[in-house]
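In the two complexes below, chain A is the common chain; its partner is chain B in one and chain C in the other.
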Partner chain A sequence: MTLSMLTPAFTVGRNEERCIRCGVCVNQCINEVHHLDEDGFMWVTDKNCVGCHRCAVLCPTQALAITEFPLAFRPNNYWSSASLREIYAQAETGGVLLTGMGNPRPYRSYFDHLLLNASQVTNPSIDPLREPMELTTYLGNQAAMLGEREKPLLKLEVPVMFSAMSYGAVSLNVQKSLARAAREMATFWNTGEGGLHSDLKEYADSTIVQVASGRFGVTPDYLNNAAAVEIKIGQGAKPGIGGHLPAEKVSADVAKTRMIPAWSDAISPAPHHDIYSIEDLAQLIETLKVATNYQKPVSVKVAAVHNISAIASGMVRAGADIVAIDGFRGATGAAPMRIRDNIGIPIEMAIAQVDQRLRDEGIRQSVSLVAAGGIRNSADVVKILALGADAVYIGTAALIALGCHLCQTCFTGRCNWGIATTDRQLSKRLNPEIGAIRAINLLKAWEHEIKEMMGGMGINAVDSLRGNRLMLKGIGLEQHELELLGVTAAGD
Partner chain B sequence: MAVFDAVDYDQHSLLEALKASPDQEIEVLNLNGHRYLGCGWKNSKRLVLRGTAGNNLGAFADGPTILLYGNGQEGVGNTMSDGEIVVYGRVGDIAGYGMRGGGLYIRDDAGYRLGIHMKAYQDKRPVIVVGGQAGAFVGEYMAGGTIIVLGVNGSNRSLIGPYCGTGMYEGEIYMRGEVPRRHLAENTKTEVLHGEKDLQSILPYLMRFAAHFSYDIDLILAEPFTRLTAVDKRIFSHMYTGFTG
Partner chain C sequence: MLKLEGDIRIPSGCAIAAVMNRSAERFDGHTIIASIATMHKRSNGLGGGFAAYGIYPEYRDYYALHVFYDDDGARQMCERYLQHHFRIKDREPVPVRRTRKITDAPLIWRYFAVPREDRLYREQLGEEDFVARVMMTINSDLRGAFVASSGKDMAAFKGVGYPEDIGEFFRLEEYQAYLWTAHGRFPTNTPGWWGGAHPFTLLNWSVVHNGEISSYSTNRRYLEMYGYKISLQTDTEVIAYAFDFLMRQQGLSLEDTIDVIAAPFWSNLEQEKQAHLRRKYAGLLLNGPFSIIVATNNGLMAVNDRIKLRPLVAATRDEFLYVASEESAIRAVAPVLDRVWSPGGGEPIIGLLYNKKGLLEASPVGLQTDAQSA
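Showing the complex of A and B:
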């Protein structure tokens, strides 16, 4: 074996005065960082640590501290330690670097360069505690002409839905938690492309089912056991490439749900091979509408890419009732690092541009826009609605609510938090009843914050916030960026 | 049996009329490119079609028997779960895309991308039998099931187009006769099979094809078959390096 030049990413420090040798850390770490030998000595293998904090959070005496491995490269503003380590890894294996979750690079976040308005004197602000505040949102084609067939709509009591995360990429307990929370909060969760597990059929009215190129588990029952159907074209974390669930995560139960053999790869390449054009997309949309008796809105999800406004216009003309756009901060269970970190555009720009384009073309009423990819908090929600979205999808934020610590190693299937795993034992670490409560708490907190921010602006219905860019001011942005976002500068 | 004359219907009204019909057996005459017939049907109805069926015939179907006396266009049997589609003619591209059960029997040729993403699960064993030739990308990303291309209709065209079995990792493709290696994907291997004994596992499919289109089974079995399967079932597993640092 040749020498590996990769040094550990983290170091695990143990306060010996506090450690009681209880062995919780040993049992909790699937990566075998901790080891208690028969003489009572605790051993640590730093190189196995992914920085997920499971041991430190569960340690009863707070004896553990996880820090960056203190091995400093000579300071270099161009070659970061990460760029060296990535090259070492590739030189050792010859492989495409695989990673998880969303783009962590320091690109500009437009959310952090937008400020919201509030009423003072001339227009009273509204206190959501004493006055009704309307967040009810309908998604779908609302441009029906007189005499036309009534179009199906999704009704959300809070304009926040849970992003597509397939069973296989995440554990069944994640889906159970989010499905329960969606039903309780009168919003929707999304199956992702991995089929619908039989335990989740009772949540049909709160479920959006996804159809991706692999068509896993897609049957007439699947399509009809849902409130809406979503065609997945692309994903913000990996625009232009498809999905690949490695065989290690395809357990018997995952296989049953996807209707494929167990322990075999589940591959869904980038194009749907029955969609090579907008005309083909129109046909799959219509096929799904026929198969579901025109009872369900059809959503089409794409990644935010350079030419997104023209693409979105085509999707609307192809009959999409909902266009979901996933920005470049969108997360994934597994993606090549170079793709995750270098492809796509920010969701703020994409929504601003698409909303404007659809208005200019007079087709904005025929579709609802759902923004996804990097929505971190309720202020991000309010800002993206003001930029033109009807609702948002949250994925990363929802997983963090369930315990995710963003260690970005979802692709290993060894998630100590029971989230990005299909291992039976690990999955049990996430109790779906507690998970549901945590997800509900998050949505309730955001709902209240959204109402407070809206009230401050003197707005009492989310309909008056949507696309209301007068409520936004840019700070620290160039003139052209302001124009693209359709906002003016703070102070202007 | 209900009979509809497609001349009297546009695309949408024909689908509505078929849906409203309580009959177990339905016949449609003079089809002229009407799309989405039998789409999403989960029943055991028998649909007899005369004329040219439009795109996505029997897409997402789960159980019906569809007999098409004429040609089919793109997407015949797209993501079909169960049932049988028999085409007394030829079909266009992406027939049997993502098919996971049932049978698709085509008397003449099939277009490009036949049986892409076909997959099998437990008792769900999809099968496609093509009497004539098939275009490029047969069985691309194939993950289970059986595709059989016979070339028994006397055409001089090549039995299959290039890139056959690209990205395939499960399932079997049978081609009657010799196939040039340049048309087959890298990650595949072939073996030559002769007669009834070697072809035991697909004999029921061949018999069914012969019965549907009045072929002599001995004539079909007279030529050797080439059986194509994937060499490495985990084609992408060596490509990646998990980066945990």
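Showing the complex of A and C:
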């Protein structure tokens, strides 16, 4: 093997005065960064460090500091150090660059260029501690006239759901944490495409089960052990390509849940091979409705791509009760880096355009819009609802609540936090009781913040926030961007 | 240059009042002027107006179109447009009294007209939809022309000034009506515009409104889905269209309509029907402070927002029903009352003529469904 030109990304600094040689860092790091030799000396192997902070967080004496490896390339505004390192890696391996989590590139975030309104004098703000403040949200087709029977709906007490993350991509304890949190907070979690583990059947009323191109674990029992069914067409982190759960993550338990042989690659094809067009989608939607006796709404999830409005319109006309759109910041357990970083459009633009298009076509009442991909905090939630979404999915934010430090190496299966792994020992590091409490805390905190912001606007029901674009002002945006978002500039 | 209403959104505070005789006995405009004048300080001279029902019995079967014109050119253009769509029986300038308090009045004309049969046939619209659409087109597309009201046997009289001065200007003491509503306006960032004063009307509907709805953009975008052209950017316009949509187009009862616009909290919902209404018409929940009086030829309905962030008082005396922002405005014209009360949030006051069962019963009800199910 020739010399690797890759230098470490991080360096682990150890404060020798503080270190007590307890060995916690050694035991905690699956990547074998730390080593305690027989003579009691601590050694570090910087190149193995992914920057997940597990050792630093657990170090009882705060002896560890993790910093970027201080190796400067000659300054170059075009060839960044990352560009060089990526080429070194490809020159060594001849492979596609793999990565995890969402697009980290410095593209414009429209969330950060939108400001919210508040009442002053002419209209009283409402104090959510004194007055009722309603976040109750229903998702589904609401075209039924009064007196007709309503279509099946999902009822959420907070308009935030947990995104699809499959068992296999994440550990069972992640799903247990989110399922419990969803039930406690009267919202929903999503199985992802990896089937439903038998331990999670008790959460059926809080579960959205996914049907993706691999059809893993899809049985009549699976479809009926849920509040809703979601067809996954695409994912924000990797529009247009399928999925690949490497054999090493397909443990016996994962294999059983997915109904595939253990320790074999689980491949999800790029398209559904029974959906090559919109009329095929209509058939699958109808099939799933029949299979669930028309008792459950059917959602269709797509990545936000260039002509998303026309796609969304087609999906509604094909019978989707919920359209979930995953923006280009949406995360993944594994995706080719070039795909993740260069495909799709921002969720803010996608929702603004789709909401308006469905209104223009007179079919907005027939569907609910769920926004996913890059929702970081409660202000992002409020902004995307004001742009026209009915609810959001959060994935990355939920995982961060459980301990994820965004090291972006989920695809290795060696997650020191017990999140993106199926290793039995690593998985134990996430206690689902504690995970559930942390996820519940996050939703409660956001719920409080959303209510405060709504109260400030003089709004006491989320119904009146949805699509209320007058509550948004753009800052630092071009005229055309403002028009696409359907907002005016701050000061206008 | 200051922008006019329609170019920007203008929130405003206000006073509202109504007086009605439930036996449909008519009385002149003195009473309503005295009532609204009591609340002089609730307005700022930038808008006042009245709606009067029962004033044109001799033209009962004709739409009474009251139109403001910036100049004679606008009048000629609009009349050409009107003649294209209507058979006009009579036309004349609305009689006014020139006073020092009211300046910069537009040209104000009225027309008594019915839609031309051939146009109705060609456009495949019901008569009311046709009239509504023509009026909305004039207001949004014909520069310098504005339709102040377009109902039958009713009219809106409004302009820039304190309401009592507007009443004097329009010589309201010369009209006899069984139902009067009034409005004094306190807009917050405009020089005032005649078209922007209340009442806001569509067909027989008139709305006077006090408040600023924080759900404006949600409500507006909802109504735009169903073809409403929002030209004024005022809350009141949106409220009037919401009533038109829910009651005339969707065929809801008044009670159901109120369960939409001032929906009970989920925790207080008693019937599954209310939940369905709330879900289906979530985009028409009026959020934020308001008190409104909605009137038609059959009577009136007054209601507050669901947490009562604006004042509203009602009273009765014999055949009369009074509604106002403040009790003083009622006592000023009826010192002795049978009953005075302040309704709770979302709790409507409904006053109908004795021989009427609903605000809209005489009107044909057209149902409109979503495009998809149609």
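Here is the rule we use: the second predicted complex is superposed on the first by the 487 of 492 C-alpha atoms of A that agree within 3 Å, B and C clash if a C-alpha of one lies under 4 Å from a C-alpha of the other, contacts with A are read in each partner's own complex, and residues count from 1 in each chain.
Just so we're on the same page, contacts are C-beta pairs under 8 Å (C-beta built on N, C-alpha and C of every residue); 3 or more make two chains touch, one makes a residue touch a chain.
What you see is a predicted model, and the numbers here were worked out from it, not measured in a lab.
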Point to revise | Contacts of A:M471 with chain B and chain C, given as first, second, both or neither | key: second
Practice item. Kindly classify A:T99 by the partners it touches after superposition: chain B alone (first), chain C alone (second), both, or neither? Key: first
**Study point:** Touching partner for A:D265 - first (chain B), second (chain C), both, neither
**Key:** first
Review point. Who does A:E86 touch here: chain B (first), chain C (second), both, or neither?
Key: first
Exercise for review: Once the structures are superposed on A, label A:T122 by its partner contacts, choosing first (chain B), second (chain C), both or neither.
Suggested key: second
Point to revise | Partner chain in contact with A:A282 - chain B first, chain C second, else both or neither | key: neither
Check your understanding: Now for A:A490: first (chain B), second (chain C), both, or neither, which partner does it touch?
Key -> neither
Check your understanding: On chain A, which partner touches more residues: chain B or chain C?
Key -> B
Review point. Looking at the overlay, does A:R215 come into contact with chain B only (first), chain C only (second), both, or neither?
Key: first
Point to revise | Which of chain B and chain C A:L406 touches, first, second, both or neither | key: neither
Check your understanding: How about chain A: which of its residues touch chain B in the complex?
Key -> 6, 8-9, 50, 85-86, 89-90, 92-99, 213-215, 218-221, 223, 244, 246-247, 255-256, 259-261, 264-265, 267, 269, 273-274, 283, 286-287, 290-293, 336-337, 409, 411-412
Study note, to complete from the structure: In their shared complex, chain C is touched by residues of chain A numbered 119, 122-124, 126, 131-132, 134, 136, 138, 142-146, 150, 153, 316-317, 359, 361-366, 457-461, 463-471
Practice item. Write out the stretch or stretches of chain B touching chain A in their complex. Key: 15, 19, 35-36, 39-42, 55-56, 59-62, 74-75, 78-79, 81, 94, 97-98, 100, 113, 116-117, 119-121, 124, 137, 140-141, 143-144, 167, 169-170, 233-245
Check your understanding: What residues of chain C sit close enough to touch chain A in their complex?
Key -> 9, 11-13, 188, 211-212, 214-219, 221-222, 224-226, 250, 252, 256, 263, 265-267, 273, 276-280, 282-283, 285, 287-289, 306-307, 309, 367, 369-373
